[in-house]
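Note that chain A is present in both complexes that follow, paired respectively with chain B and with chain C.
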Partner chain A sequence: MNDTYDPVSGDFEPLLTVTDGEQIDRPSLSYWQDVWLRLKSNTRALASLYMVLALVTFTLAGPLIWSVDPSKQDLEQISQGPGLGQKAILVPDRLPVPSINSLTQSMAEDRADGSGQRLDLLGEAHTEGLTLSWLAVANADSYTIYRHELEPSSIDDLGLPLAQVGPGQLSYHDSLSLEATTYYYSVMPIVAGQPQGYASQRVEVVQAIALSEARYRGLVPEGDDASLLGSTIRLEAHPLGTDSLGRDMLARLMWGARTSLFIGIIAPLFFVGFGLVYGGFAGYVGGKTDNALMRFADFVIALPFLLFMILFKIAFGIGPGESGIGPMLVALVLLSWPATARLVRGQVLQIREEAYVAAARMMGGGANYLVMRHMLPNVMGVLLVSLTFAIPSAIFTEAFLSFIGMGVVPPTPSWGSMCNDGIRTMLSHPHELIFPALFISATVLAFNLLGDGLRDAMDSRLRSDS
Partner chain B sequence: MISYIAKRLLSGLVTVWFIATATFLGMHAVPGDPLLNDKAVTPEVRASLEAAYGLDKPLPQQYVIYLSNMLQGDFGISFTQKNRRVNDIIRDHFPVSAMLGLLALTIAALGGITWGAITALYRDRLPDVLIMLLVVFAVSVPSFVFAALGQLVVLKFNQLIGHSVIPVAGWGTFKHMLMPSLVLGLGTMAYLTRLMRSSMLEVADTDYIRTARAKGLSAPRIFFKHQLRNAILPVITVLGPAIAAITTGGFVVELVFAIPGLGRYFVQAVQQLDYTVIMGTTVFYGAFLVFMVIAVDIIYGFVDPRIRVDKVGA
Partner chain C sequence: MITRHLNRTIRALALCSMVVLAASPGSGVAQDIAVDRARNEISIVMTEEPQWLNTVRATDAVSFIVLDHITEGLMSYDQQNRLTGGVAERWELTDTRATFWLRRDARWSDGKPVTAHDFVFAWQQVADPRNAAEYSFFMRAFTNGEQITQGKLDPTLLGVRALDDYTLEADLTQPTAYFLELVTFISFRPVREDFYRAQGQAYAADVQNMISNGPFTLTKWVHGAELRMEKNPHYWNRDAIHLSAINVPYITSDANARMNLYMDNKIVMATGLDSSATKTAMYNRQKMLSFSDGTVFFIEFNHRPDRLTRNLNLRRAMQAVFDAAELTYKVIGLPGNIPGVSLFPVWLDGTEKKLSEEFPPPVVEIDADKAREYLELARQELGIDEFPPLSLLLSDTPSSIKQAEYFQNVMARELGLQVILDRQIFKQRLAKMTAGDFDMVAAGWGPDYNDPMTFADLFASWNLNNRGRYVSEVYDNHVKRAQSTTNTRIRNRAFGDLAQVIHDDVVILPQYERGYIYVQDARVDGVRRRRFGGDPNYNYAFIKPES
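And then the complex of A and B:
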């Protein structure tokens, strides 16, 4: 007890004197700078932001680089998988018809023992055309020619003939939409009105292209025809393949992105903007006006969304030559604004009661000043988040409507209508469904993650906790 | 409570009336003519057709007839399927859609609650991360892609087994319903999982959980009796929107799986511009959805009295 602490005796002194304790020695950050910093530290959000930027680049710059017409059909390469163009042999425009009689004669001599075939291929078989020849059958009135992709096992498999030729003709030139696959040709002589058995021949058809056609499409250099003929060239490349009508998938995805992202971004901009004005007005004015306005908004919100989207789409109608993007935008805006209006109104009602607004009002701030300086900047955060979430749902809506045939009109490509086309050939050509579905999913995913990141970065509650 | 129910039902009726009116006006604003066909029609035939469908009367009168018919539960006769009443179409095909939707909703709710509870239990550990990754994937893929994938899975499965175990498409037995309802419920399930997770985490921080823990209750008991039961409550609120999502999602799934539900008929009617069927099914679906949402809200009012008081007070 004897050495009681005595503060007055002088053995206790402050270690240092703080003169400028509240000095801020870092540059002050604005709200948006702060949000950006926090967004940047969120890897997932940053990755999704890059993904969105990549998609926008793909949409805007893509068609400039890959300048293939999305509605141009490449009939040589229908439903082709991703990869380089197919190989094709250059053939003359007018195919020389082999002199049939002499060949048939030689065939007959070759098979004098009767063991050989009665139907044979003359010359080469390629997609521009092929010639068949057969041995004459005594007393035949006519011959019918058949083409199948599977080998016919009996006379019942033959079905409808490809052509019928008179008794004097022992050859047939087929150039009817040939594809580069294997065909089974059959010929059946008709004697006195009755079929007399048939002969089949397997023919491998290779891809070919006429020289003038190749030149027109810019696939071969100008120059000597004779040296080019018979050489193999590559047809147009389709990096992501073609669809069931032979249209380039990459070009369609790029143009489809323009449709889908246009609707997905423009419609939310409009209805979020309208919701901001509507909800802001209702919240700011308050009272009976607010009540009436919000009653109406509740009403619109109670409408079943997709049913009315469909109804509006029908009601607006689509004229000839129109793409159907306009009606879709209008319908989306008409039905989607109340959610934003509600949100903004709630925010404005809250901000209106804040002390800083009261202070501003007391110091003589007018309505314009209050709205522009205090209300709008404070609403901006939630607005941006709801905009980011509105984009994927608008893209989904567009895809859904296009899928059930109520969206954009062909030939305007959109991801949804491409999925619709692709689902029909899903089993044989899955790439026609996979690519557009992948793009929709990636876009929606990117915007959803970005929205999550933005919300986390802006939420003031989270900020005060950490 | 009764005044709350009455208020909600009244506002629901007004909404349905609004839907009916909007449908009527919308369908009459459609450019073109319901009787315009590829067949040439003489003026006499045309006049008698218009009289038969009541199209010769002025618009306000048509509206009154339309509303009074609808009040009596008569939606008219289909334009494209002659001699088939819209009522019959709804009666024949809605049960199929309802069955599919109910199964999808059950799968979605059970799955969502289970997965959500698991993620909360394993917060920030592998099961949580994995499930939430799947959830993000599920909400980002359009329903028709899931439908197509589901069909593909069934097909490959059947090929693997060697004979058809689960039908790829069609309707009839319980086996037919499995894949479509799973596909239909998937999006909602993902959404519910997310909701359930945040709800579980919120409940985990409450005082009564801490008290239960302090009392020395066993972990399973706290989890099931205290945390899970309280966390399920908010899930009920989103059942209304979930029913709407499943109903409209059914359009696509019924189309892909060739199920003779009302959704497929609606889409078909829309594509063929079958006016009466569109109007009838739109109003029917609209009324169904509006009253489903109200029913869910009322049920929630019973389950959680706090909500009811809040809503009436506001």
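And then the complex of A and C:
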């Protein structure tokens, strides 16, 4: 058996030297790049991010583009629905109301032709006012004038009772919140305490504006008054309509957003920042200090917000008629930080015990290094998430407080106070409630969804998924 | 301050519960419908819980409504709202004395007779400063009344005597033309001493602590939720009372909720409809009625020497830009309201015609240029460069805030004056008004009795309700002139002069005279709407026979 193999030295030559081990052929991603990637792939979060950006633009740049004074009252266009500028005819400031005696005289002559019409419109009918006249009924004690938006069907369905006038008066001037629409006027004579039939008249009312008002608002050029009267001009446009005092809804929403977002962003920044420092310190130091600090946080969390808001308002010497935004900010900051502090403390306690922290400490890493290199970057995720959730809740608090009248003072708008104004006309003019309510809901939703997305994106356990 | 905020919060929360309450069906089958023919009962709604059903101390409108059904004074109003005898069968009024002869069949709800002593006791209680009755000033009409209300004399010295059980005599300090109208007021209703003393602090706090002499008695009072009034079998004029009971199954201050209750056939009348409720009514083709409650609303200036508003030219400037018609027609925009022109509302009677026709109030010219001249004068007189913000005190209700925002805008736009709004709940507003803590206040004044004097003496220097402390010898003299006589001609002339003084001195800026739009069930008739006492009144209401 001499077939045994004798190894030679050549057999022990090393294989090829591998200079390149593993090769990274994709660009290296930092944690934040990774987060961004994942956030981008989350359509819902991305959409809400765009929405937040749009909102910020709306708030900051909006008033520059739509430079309408939010407290300007356009009494010609009260509670107007969304739309572009209406056309209006120019009318004299004070309508010459025909004198009643001469009127009845001329009316009686006019009607001698037997037209049989018992109620007539005198002159033009426009939103600044209109005059009605009727034929006298024998032995009438008084006449009641009604206005309806539907065609009257019976004597019990004449609409709004506008006025009751004495027997000597045979005309009535109506200027009660007229809108450019069709009205049915009726007059009902009362004879011996009993209504005696009625006469109706359909009246088309056109939008009008008094000349001096139009001039004040710069809608007409300076010049000859007489030639301008009767001409048609375009009134200010109100894309989202007006409120019950004729104030532009779009401008109010923009300015209201400033109040809402100011509170919504500044307050969380402060209290999340404070919570970070407080919770971070408690967690890092640990022991008795931690215990004492966290018990204090528990105490603060138990304090009722509304009560403190009121106390701060008094303590600050905020007089009646002054804005409650300052105390609201202080109350929010002073009472809302414990949630963040707890979160951060828990996170820091956990990180403190991690092996890499222990290693860093053994290699001589100081407190500053540990905090800046390991602690802070690792709590950043939960911090951002808690910030994005704090913003909508602060906006909501502001809206709620302004709704119950503890926030802004008139005429400063805020979404909450606009809702409060709008709720009164919810049935007749729903846009006054819907728009601010929509903005509150959309903002709160957008921030919540964004927070949701951020939380998902920052969860390191999901890191390998992308 | 705290009360105010909490109160508002509580109200906001209460509103939520109210909606729930209104949505849930009524508690009993019998109270579920507006008109119950079988039981001869009707159901009504109230805007809030009656605060105080003690005639001595009641001040709020809702308490007045209830009290006007369950009590009756010496004088009363009949089905047509004409003055008539109540407990008094006969009466005699001279310049210095009023005598009433009481009917022998007037009974309390426990069957005991109503006597003159009950009135003497009641009026002494109202005058007694220990009761702190807000209407104690009415008792100054009687001899010693003023000293008693100031605590200087014992209430038993009030110039009112019971000559016997059925004869009452009162000594008047001055000729009081409207005295008979005055005694219809709630504060003049009788109180029976033995019952009052037996109840002590609990008097009128609940159904069992009350005794009535009116057409109805209160038989159920679930605080904050429900009331029921049943016909008083002992009432002397019981044959004229048709209803067996009046239920109040709902209490809500929300006009839309009231309108919905009406549409659901739960109540017979929905009053105080706002613009959206009137729209609902219009599109449901409901018959709408209007009613003027006689209250005048105005902006009152603070005339105290430490306030800028003491300056006449500043007030004139504001007067010359404030357009009451625009406020009434465009901003308030509800029918029934009339633009205010004077302290004296248009419905007040004059000698033959209406007071406003006999003495037309001076017309305010709206003139912005002139206003700015006045303002410039005011600036020089006051020696200031810039006007600091002026405060406007107002009630914390949606409608008054809206009106104040309009006022704020007009002053800023036309005069460049900054007005800050001081919103307070009603009680707090009254407290601040009394303390003089305001530059301007949006106030209102409702009539207490049917005579222009109920408005005229409001700005007399001695009147405690003159919250702006307006002091004018001329004004006082006109008031004294009207008080010194029962001659209507002289009195009305004095009222006309007062209207002129108020205009010239710009004591107030009249805003509007309040009116209401309401809907009423066609099956019910005989409901009275009134400017004095409790409104509405169902004492003589009846269910129309089925046709």
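Note that in this section the second predicted complex is superposed on the first by the 298 of 466 C-alpha atoms of A that agree within 3 Å, B and C clash if a C-alpha of one lies under 4 Å from a C-alpha of the other, contacts with A are read in each partner's own complex, and residues count from 1 in each chain.
Everything below uses one rule, namely that contacts are C-beta pairs under 8 Å (C-beta built on N, C-alpha and C of every residue); 3 or more make two chains touch, one makes a residue touch a chain.
Quick caveat: nothing in here was measured; it's all calculated off a predicted structure.
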Touching partner for A:449 - first (chain B), second (chain C), both, neither: first
First (chain B), second (chain C), both or neither touched by A:232: neither
Partner chain(s) touched by A:314 [first = chain B, second = chain C, both, neither]: both
Partner chain(s) touched by A:157 [first = chain B, second = chain C, both, neither]: second
Which of chain B and chain C A:41 touches, first, second, both or neither: neither
First, second, both or neither for A:306, with chain B first and chain C second: both
Partner chain in contact with A:426 - chain B first, chain C second, else both or neither: both
Partner chain(s) touched by A:405 [first = chain B, second = chain C, both, neither]: both
Which superposed partner A:396 touches (first chain B, second chain C, both, neither): first
Where chain A meets both chain C and chain B, residue numbers: 306, 310, 314, 319, 403-406, 426-427
Chain A to chain B touching residues, read off their complex: 299, 302-308, 310-312, 314-317, 319, 392, 396, 399-400, 403-406, 416, 419-420, 423, 426-427, 433, 437, 440-442, 444-445, 448-449
Partner chain A, residues of chain C touching it in the complex: 1-2, 5-6, 8-9, 12, 256, 274-276, 278-280, 282-283, 285-290, 325-326, 329-331, 333-336, 391, 396, 398, 401-402, 404-406, 408-409, 420-424, 517, 522
Partner chain A, residues of chain B touching it in the complex: 11-12, 14-15, 18-19, 22-23, 25-27, 29-32, 136-137, 139-145, 148, 151-152, 155, 244, 248, 251-252, 255-256, 267, 270-271, 273, 278, 282, 285-286, 289-290, 293
In the complex with chain C, residue positions of chain A that touch it: 71-73, 75, 78, 147-150, 153, 156-164, 175-177, 244-245, 306, 310, 313-314, 319-322, 403-406, 409-411, 421, 424-429
